[in-house]
Amino acid sequence: MRGITCARWVAVAAAVVLGATGCGGGGNGGGGGGGAVLTASWGDPQNPLEPANTNEVQGGKVLDMIFRGLKKYNPKTAAAENMLAQSIDSDDSQNFTIKVKSGWTFSNGEKITAASFVDAWNYGASLKNNQKNAYFFGYIDGYDKVHPDSGAQTAETLSGLKVVDDLTFTVRLNQKFSGFPDTLGYAAFAPLPRSFFTDHAAWLKKPVGNGPYTIESYTRGAQMYLKKWDGYPGADKARNGGVTLTVYTDNNTAYTDLLAGNLDLVDDIPAAQLKNVKSDLGNRYINTPAGIIQTIAFPFYDKAWNQPGSEKVRTGLSKAINRKQITETIFLGTRTPATDWTSPVLGTAGGYKAGLCGTACDYDPAQAKKLIEEGGGIPGGQVKITYNADTGSHKEWVDAVCNSINNALDNDKACVGNPVGTFADFRNQIGQEKLTGPFRAGWQMDYPLIQDFLQPLYYTGASSNDGKWSNKEFDTLVNRANAEGDPAKANALFQQAEGVLRDNMAAIPLWYQNGSAGYSQRLSDVELNPFSVPVYNEIKVSG
Amino acid sequence: MGRYIVRRLLQMIPVFIGATLLIFLMVNVMGDPVAGLCGDRACDPATAAQLKREFGLDMPVWQQYVTYMGNLFTGDFGTAFNGEPVIDLMASAFPVTIRLTVVAILFEIVVGITLGVLTGTRRGKPVDTVVLVLTLIVISVPVFVTGLVLQLLFGVEWHWVEPSVSAEANFGELILPGLVLASVSLAYVTRLTRTSIAENRRSDYVRTAVAKGLPRRRVVTRHLLRNSLIPVVTFIGTDIGALMGGAIVTERIFNIHGVGYQLYQGIVRQNTQTVVGFVTVLVLVFLVANLIVDLLYAVLDPRIRYA
Amino acid sequence: MPEQPYEPDRVIAGTGAGGAMDLAAGEAETLEKTPGGPLGTGPQGKPRSLWSDAWRDLRRNPVFIVSALVILFLVFISLWPSAIASGSPLACDLAKSQDGAGPGAPFGYDGQGCNVYTRTVYGARTSVTVGVLATLGVSILGSVLGGLAGFFGGLGDSLLSRLTDIFFAIPVVLGGLVLLSVVTSNTVWPVIGFMVLLGWPQISRIARGSVITARQNDYVQAARALGASNSRMLLRHIAPNAVAPVIVVATIALGTYIALEATLSYLGVGLKPPSVSWGIDISAASPYIRNAPHALLWPSGALAVTVLAFIMLGDAVRDALDPKLR
């Protein structure tokens, strides 16, 4: 098996790799300490690998390896810690002064300065560059000029960004946002080298960053080989020789390959394999909490779901779902029943509060039936939970949720799953407000802040408020929390806002999702960060 | 012969235009391709509008089609939404799928025809019955079930082969997927050969050959097979296009990054440029394969002359 | 080379709905070659038609008897599933997820804790409905268009031939993915409609070919000389003698439509719940092949037996209708 695995690398990454992988016949440990390369499963990134254009996990994996930003989220605690930032100071939660550490360079040798950040952020925010994460810069003053909702942009750069000296720049926000520094670990805020702007096409073919790895070769849609960057100035140097990411269309195939010894690391073990994963892998299987929550959202633009009494129907549905049984049977413990609208990875200090949902999230079929009847029954007599069938194992849990509701209501057809063929069409139908029933909603945090679990999803008119829920009380509480300088007080306000969600059952919290991964016997020290991405640089490879 | 080919080539033009138009319209039915680009959230309206303008999606469909065909004749297949030229995707996908198709066709020819001759010359014998039942079973089980079961048995349980195919997709790795892809057609080739052989076995020229005292082997290979192969060749020829485009399921199971994979990705991500581009090439392959088959027909059967 | 009928159109293969139909067409070719089917006369001078001969053959053919019985049984449980299965196919209890056989559930339970036996029995209705309706639609549309084109020839015929070429050039699974991915209805109609849309050219070609062959027969020429009207010639003389190949191909195609429904479900664009179909169950169970093979085995088995029955029936009918093999 091993021979074949090696043969693949040879062809892909040419002779350079040969020495490093120890495939060349007995030349083990050629690359010094931890010189061996591991292979890991991957998915084809949906967008070009620009930091402000990558909004899904697969592209995110690569950015996580080749970029380091001002902040970095601790892989264990999720706390935002200074990485390239020397200091980020503010007196009023609106004007920030950022000092960049000296001594950092990109892997091509270019020095990282304040301009590396300011240019990158201006690029990301500018409408003409089509960056899908542009809205991350929406808090910065002048965003409405470079990225107007309609019409042409009237400015090229964000007026809120000013370079002070080589390593210092200032940021002025258009509103108070005390959590702003903690958002800066997100990939969209990464610095960019000059070559990104001067020879964009070449950069896209082989992105250059400042992280512990450099991209050695990249075959679109198939494979990427990332080599350890020996000159990396940070403390979190790679402890292996490199990583080969291989694209899999089906997670089951990747898992099968892991068992056959063709692959070292599979993240996101498919639900279908969970039952046998312990016997297949023993302790080479990890299952750790991640900042992901699954919910069921409602179409509040539809009158039937948004009238006095509807909240009773929604709460009734919530109480008809046997979360414990579903997480145990379908997900075998890789999900935990949700009791609030955030995620345990935030920690109590970060605003997570277990049990905030109270009895509204407890399984109680009798009470559920009663509440739904009191609320005027299910609109149209049948709940259709819409989901996309092409990615993720959504069918399994939607069917299970529906069966749970059906059993609670003693009606075979009270709830039915409504698969939509493609994710794009699913988004399409949501965007055009075509759905007349609830739909699956998943949220993976961008940065570990309670604000990120609430504001983008439930604030009036927010970017991911797909159900168009709107509540003055909630909005006011979020505004007050954002302006609050003291984290503890801010969190208390956010939790109060969550109480509003609970009383109206704006969305049914289902479960917190864990990250899962399995690995081969060659690997050790495999961990997943709170974004469910493997911490590649910490992985040790033997032989 | 020359005039016949010219006529056939001319006939291809409306078919080509019709087929590309049909797929273009079908893909357009799928709806707004920009909606899926921004992950689990809506694209902000400004970016969405900008993207649509850049990909020409704000034009009416007929105009998009005309523009597309115009570009096509200059060799420009457009750009996928992840910024990669479709022609590059083709350059990486088609070689893989061609290798897979070659493996599948080899299976059809070698195994299918051998079994067909075996059963056709032994009609009604136990070997005939057994093979016939086997082919029926292969035909009636959906390909994805066959694929998953074989992958599990050969790849995972017994470790005979790799359960999936690497990025290079060597011929060796493609044997099992090739077999799965060929399975249904293989069964047909067997049955087709069998029918054809059984039919021709009673023809006068075979009787004459036998009466002349020619060895059985020579009768079968020289006389019987050559004439019986005509429908088989036509079937295999026209199957090429079907195999290349129909590999969506097989490529998915074995993680092969070929045409089927690109098409599936293209559809899932509503990447119209990719889908239309690949189908256009598949249509061409189909048309050319059909033409070649018809010409082969004349080679195999001297009674046929094209004018 | 004579103008028709044996020019390049002979084998209908291509990217048709999976190889099955191609074969059906290829094998049916032998039929087209035999002009019209001889109206042989029996030894006693009692007139015997192709059909009565075929029927006599079929009644003695064990393959035909077995497959016909299987099909009758399928039709029976499609109409009255509750006769042999109690309970609702939609009643599922997650607590029984992937359990083995138990009382009332001889086939065990699937991942959702649904009764596999009940679902397999109820699934027959959907599969048979899809197969029968799609075949009917394809046969009617295909024979009418192909028959008319073959009979009248000319511009309409050329246009139709190119149109069938166009449809053959589009891979079926691909067409299904594209067209059905936007369907929101959870009835069987979109799937059937799709099969008719992409399946008719196959029958159309066969119908066209056999009408052209039949048209050249002496008795048709005679009828024409006697001044028979077009419609009379088509309906009285040509149709009865040209329909045999269509029936053969349609029977075999029926099985492949049922299998195609399963493939579409596997790709996530087939039928939708609360429809109960083998395709849905097979695709839901296929990832669990290692842990709960029974949930995959039974619907797959039922599907295979059904497809097999229709293909064998088609085989038997073809053998009976083909005088050469008699």
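Brief remarks on what is shown
We call the chains A, B and C, going by the order they appear; numbering starts again at 1 in every chain.
Here, a residue touches a chain if its C-beta (ideal position, glycine included) is under 8 Å from a C-beta of that chain, and two chains touch if they have at least 3 such contacts.
This one's a predicted model, so the numbers in the text were calculated from it and none came from an experiment.
Here A-B and A-C are compared, and the pair linked by more C-beta contacts is A-B. Nearest to the common centre of all protein CA atoms is the CA centroid of chain B. Once the centre of each chain is set as its mean CA position, chain B and chain C turn out to be 21 Å apart.
Remark: chain A and chain B have CA centroids separated by 39 Å (rounded to whole angstrom). Computed from the mean C-alpha positions, the centre of chain A lies at a distance of 47 Å from the centre of chain C. Of all residues in chain B, those that touch two or more other chains are 30-31, 152, 264, 267. Across the assembly, chain A contributes residues 390, 422, 425 that each touch 2 or more other chains.
Each of residues 177, 181-182, 290 in chain C touches at least two other chains.
Against chain C, in their complex, chain B makes its touches with residues 8, 11, 14-15, 18-19, 22-23, 26-27, 29-31, 136-137, 139-145, 148-149, 152, 184-185, 187-188, 191-192, 195, 198-199, 231, 234-235, 237-239, 241-242, 245-246, 248-249, 263-264, 267, 275, 279, 282-283, 286-287, 290, 294, 297, 304-307. Taken in their complex, chain A has these residues touching chain B: 1, 4, 8, 11-12, 44-48, 55-56, 127-128, 130-132, 134-135, 147-150, 204, 219-223, 246-250, 253-254, 256-257, 259-260, 262, 390-391, 422-428, 430-431, 441-444, 456, 463-464, 466.
Every residue of chain C that touches chain B in the complex is listed here, in rising order: 1, 8, 10-11, 13-16, 18-20, 22-23, 26-27, 29-30, 162-163, 165-175, 177-179, 181-182, 255, 259, 262-263, 266-267, 282-283, 286, 289-290, 296, 300, 303-308, 311-312, 324-325. By the touch rule above, chain A contacts chain C in their complex via residues 252, 270-273, 275-276, 322, 325-326, 329-330, 389-390, 393, 395-396, 399-400, 403-404, 406-407, 412-413, 416-422, 425, 429. The touching residues of chain C, when paired with chain A in their complex, are 88, 90-95, 97-98, 111-114, 177, 180-184, 186, 268-269, 272-274, 284, 287-288, 290-291.
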